[in-house]
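In the two assemblies presented below, chain A is common to both, partnered first by chain B and then by chain C.
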Partner chain A sequence: MTRVERYLVPRTIAEAAGGLRDGNVTIFAGGTDLMPQSKSGKAKFGTCLMNIRRIGELRGIKRTASGFSIGALTTITDLRDSPEIKVGFPALWRASDHFASDQIRNAATIGGNLANASPAGDTLVPLLVFDARVVLVSRPNGALQTRTIPMTEFLVGPGKTSRRPDELLTAVEMDAPPPGFTSRFFKFGTRPALDISTISIGLGAVRDGEKLRNVRVAIGAAAPTPIRAPHVEEALEGKVVDGATIAAAVSAADCDIRPISDLRASEWYRHELVHNMLERMLSDVGHG
Partner chain B sequence: MNVREKASGDTLIGKRIPKMDAPQKASGKTRYVHDINLPGQLHAKILRSAHAHAGIRSIDVSQARSLRGVHAVITAQDLPFQRPIGVAKDHLPLKRDRVRSLRDEIAAVAADTEEIAEAALKLIRVDYEPLPVVATAEDALRPGAPALHGEDLVCVNRNGTTEVVHRAAPGNVAMTFDYSQGDIARGETESDAIVEDVFWLHYVTHCCMGVSGVIAEFDSNGNLTLYSNSQVPFLHRREFGELLGMDPGRIRIIQPPIGGGFGSKLDIYPFEPIAIYLAQITQRPVKLVFTREEEFLASPTRQPVLLKMRSGCTKDGILTFRDVETVHDNGAYTSWGATTPFVMMQTISSLYRVPNCNYQTRAIYSNNPYAGSFRGYGNLQATFAVEAHMDRLAESIGMDPLDFRLKNAQDPGEVTPQGMNFRTCGFKDCLRIAAERSDYQRKHRDNVARWRDPDPIKRGVGMASMLHVGGGAKIYQSDGCGTILKLDDFAHVTLITGASEIGQGSETVLAQLVCEELGLPLSSVTVVNNDTDVTPWDVGVHASRTTFIAGNSAIGAARKAKDKILAAAAVKFDGKADEYDLKGGIVVDRRTGNGLIEIDKLIRSLHFSEKAELVMTTFYYEPPSQHQDKKFKGDVSAAYAWATQVVEVEVDTRTGIVRLLKVNAAHDVGRVINRLGIEGQIEGGIVMGQGYALTEDLIVDHAVVRNPNFRDYKLVTAPEIPEMDVSFIETMDGEGPQGAKGVGEAPAICVAAAVANAIYNATGVRITALPFTPERVYRALRGQAKPPVWDVGS
Partner chain C sequence: MSATVDIAFTLNGVETSIRVPVTMSALEMMRDALGLTGTKYGCGEGECGACTILVDGATVNSCLLFAVDCDGRDVVTIEGLAANPLGERLRASFVEHGAVQCGFCTPGFVMQSHHVLTKSPHADAEEVRRGVEGNLCRCTGYKKIVEAISAAERVG
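== the complex of A and B ==
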């Protein structure tokens, strides 16, 4: 058992990034992943524990030249209460609405959801749909360095990201979607509240008459990380959403997903759910 | 005990009365065992096994002992006179040379803080010799399987002699039950339709909001006080006495308000003697409270059951026979779960009239968690199978399932082959009312007609009924309860009852029954029910018995007090006692209704008179029920409760998710005493049954509990709770307090059975294994399910 020897409470990003340089630091945001994980022995605290909750500049949703930047400490409740998110990024809003319970949403942060990199992390799926970029800040030798990488590069495996131990995740950025872009999110859990996704699907596209353009599909809990589903996207791009298109898109999903069996569901059932729920979502799109 | 009818304005019976403890609980002021801290108290933690099955070569506690703040570290070695606990006395609190499950206790620490105790556990070195794990009853029954209790358990007595306290159980058979009535072969030949299935009833656990905990303290005279969540303080006092080799009279059990019982606190578990040993060794109060994970891993489960059933009927819809065999996975040790056949066989033999019936159970040791008692006590499992077959038989002879049930349902006055005497029985009313209020028959037909309909969302209705003891159960020497009652100078009543309150609302009902007799408002009663040094004997909270048994006892004491007051009135007003009555705190003239004197004034005049008397009475109520004989026959309860529930579900065939939309419940409760209380009891029970049916699943995989947390062990959450329509059938039981019967367990019993029938009605697919989680249902709908098989010989 490692003992926590130091406890840091930085007030600024620069201070936090400085503290991370020493290595073996555990960042603590809402603690809603960290606490259960450390209790069950899945996660071990480093020798230094850093509470980032006091870094004011990490919280909030800001407009940028190209879209929005969401601070790492923005809570799921903040997302759910945000009119900008509700109107501009409905898939993300829905993910935050179907996230855990009030108590957890009040504590859980988007940065924690990203850094935890669970294949079932609910905000990750819509963030993939919105081509989001993750902002990482470090301070290797006194000066702050910023790295901005796309979600698909950030997520490496279950619980694994390309964040270096000396980097702080400060924000996630999204461009305003193209005009006419609409998005949806569907989460399958076994109950309406307080459930981890068995699978989830994010869907976004621009409607061009009968056809779909700029199609983006992301799937959660069906591969080592939440993924974009390029084969499904290809099957839909530029197509009229009719029975044949839906059938093609659904069977294309098999090329994109690699689900596993765990406590929540078997591989087979996850396959079936992705098929059936994708079909249902696409039929809804087709009808309206 | 006879019903007294009064004009409705005058009576408290049947009114909606908030529970007396509600304001304290709702405002967070109730002090549970967790909130109690005694001066000088130490905190205890238990080291559990790292293997489901292993020999223990050695245990090294030296480092743990030398950790600062540690006061004691104990293992079996430190307790030469340890004695076993549990129903079969096969379970030593601290294990000696072998562990048989992951919950097994190896060592325990008492320290200044929980954190230090926790740290000390990590310093204990145990050298294990892993043994092959017996993960299922099927494994345990295989030839050559390791015998988990293959040797006699020998204990050393305090006088140095040795004693075999538990005999070796070769072949891993912990217990067997064998019941029969009539002649199965004859029943088979008379049958026009026969159905057979194998059912699997899974593991669930109680999930009490308050986790297990105890504080043990010895005073300087060596007397032991336990602050305990026990449901059966008087029996446990005796058992602790035996364990400790001490006079039970010197053991006092105080029950702080208990955060849920549901049967889980009906047995002694290792943590309790362990806390006592630590208190004895350290001579300090020792507190031991489980974490939630520990509660999942080391508190009992509902009994899992593999059940094979064959049933038949004639083409006219008369049941001919029922043949049942079960294997109960007993887990590593024997607690109450092994004895659930007592209840299961009642349902199998007597819920419906079935002339020929066999029932056999083998409880088989494995390295799994062990099962205890749990609200319903085997009845959920038995009812699940029986009611599936009622639907299947009805279908196979082309009869409406309600009509089929009505043809075979019990009537009042029936004495069953098992010896149960149904003096009151509202079963047929339950069936008719639940069916009528849910429009069961029409919906049932319409849903079947929609099986081939393209809509992926299907609807189904399902019906199931239950029979359960409603007037106590004579399992022990006595099924009684004592009451001491005093009225003080201000006519304030202290009702001292042996009956424990575990959240079921008994103190409110008992106060109500007493006030009804004494013509006093509820505010004038204090109930004392939690201290064995004060309260008279009671057998414990189980078998839905408290309102019935403790209620009759309280009424008995109240009537004696009333007699005394009326006798005093007779003297004072120069009349006869039966010319007076008590009403609204006043002695009234029965004929004129005129008030004569305030009760408190009359009591004072009795107290401060020449005769100088107080109003104090006692009563002990023993129900007129019988012990079962060796063949399990006998009228074991003073009354029997009945219910029918019709559920309506929606099945999404694309995901397998089943939503419970509505429950129409009709319960023969004898009589409603506290309407608010009984509604709460029924609604809560239905939700518990819903969890059993749909969401709760303690996943035990190779003897490991995989989901010891509320994220993965899914209790029903608020938005899933269905609409409920509850009807009370008041059969006015002649023996019941004001006509009431027990109802505590009843509402949880038939939900799963009804949901199974509803899923079938929605989809045409019969699922014989619980729970109906989305994946299980989806697999069944796609023909991908592996139905349970009988792979355990006979």
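== the complex of A and C ==
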């Protein structure tokens, strides 16, 4: 294990960004990923450990001109308790409700879920549905620099993001969805609580009479990162959700996903799960 | 050895200061450094809830919490519920309903159900079940635990 030589507790974003400039820094928020990963040897501490939990500016859900900004330290419990999230972003609310356990939800932050970038990270799937943007702040030479990038650019691979080591993830932003936009999230695990998703699906669309418009589909744990499913979206866009459309959408999923076999499920089983769960969700939408 | 840091926090109502290694968990601090062994080490990875403590009024798994993050906060362990009315009712109800067998999971269940009933005093069985979904019991089969928690409002 690396020897941690320094411990930093910044109070502001500027202070944290300054501290990150010095290189080998490990950030922690809730610790629910970092603590077990460091104990198992999967994650190694840098020479400096930075506790970002005292940065008040990183907490809370704020209204912006175009929608909402969710601070990195917002916990899963905060999301689950938020009427704005429940009403405006039901897929994100559902993902928070199905997340781990009360004790973990009270500690786990949305920033940690994003930065950890697990292919099974549960908030990532709805955030993809809402075309969320990740806000990264650094302080290369005195002045603060902000980089705002789409989720699809942020997520690079399992546990890999395009965040530079000198950047702090400060928030995730979402535009208010178009009028009439409804969204759902479905997570499949082998037990009801405390389960890492075997697969998960997020679905959002505007219902235009019988047809779906502005269709957005995201799938978790079926590729190296949670992904948008453009082929499925195309198969649904502007269509009446009948048996033929559902069948086309389900087979289109094979063009989007690239599941692996691991201890939770085989590649074959994940294909089956995506097919069956997508079919079930779409039939439900067709009837609802 | 990693760096150590001096921290100060309220532990079960008492101002406490201690020097801890920065990589230590709050669970290790409670049991090994402070001698409060009511908080149990079950899995060490967030799966069983035996290590549940209250920090600023919300329950967390102390095995996942960095000890240094307790600095400046209000921390309550099972020892701190000894003289607490709801804690007392919960304990009595667990005994009355036969919800304790080996007892290893009990401190975690009492901490978590204390939190559930504080947030929602008239929680129904379903709310109780959802509330304690992060706590495992290898002995009782949960039925008696859920009954004990649901009845705690009326016991005593």
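Just so it is clear, the second predicted complex is superposed on the first by the 288 of 288 C-alpha atoms of A that agree within 3 Å, B and C clash if a C-alpha of one lies under 4 Å from a C-alpha of the other, contacts with A are read in each partner's own complex, and residues count from 1 in each chain.
As a convention for this text, a residue touches a chain if its C-beta (ideal position, glycine included) is under 8 Å from a C-beta of that chain, and two chains touch if they have at least 3 such contacts.
Bear in mind that the values here come from a model prediction, so they are computed numbers and not experimental data.
Of the two partner chains placed around the shared chain by superposition, chain B and chain C are both touched by A:194. By the touch criterion defined above, A:49 lies against chain C but remains apart from chain B after alignment on the C-alpha atoms of chain A. Once chain A of one complex is fitted onto chain A of the other, the partner contacts of A:263 are limited to chain B, with no touch recorded for chain C. When the two complexes are overlaid on their common chain A, residue A:36 makes contact with chain B and with chain C alike. Residue overlap on chain A between its contacts with chain B in one complex and with chain C in the other: 1, 36, 39, 192-194. Of all residues in chain B, those touching chain A in their complex are 122, 293, 654-655, 657, 695, 699, 706-707, 709, 711-712, 714, 716-720, 773-775, 778-779, 782, 784. Taken in their complex, chain A has these residues touching chain B: 1, 36, 39-40, 188, 190-196, 198, 263-266, 268-269, 272-273, 276-277, 279-280. Considering their complex, residues 1-3, 5, 22-23, 25, 44-47, 49, 52, 58-61, 63-66, 68-69, 71, 112, 115-116, 130-135 of chain C touch chain A. Every residue of chain A that touches chain C in the complex is listed here, in rising order: 1, 3-7, 9, 28, 30-32, 35-36, 38-39, 45, 49, 51, 53, 77, 100-104, 106-107, 192-194.
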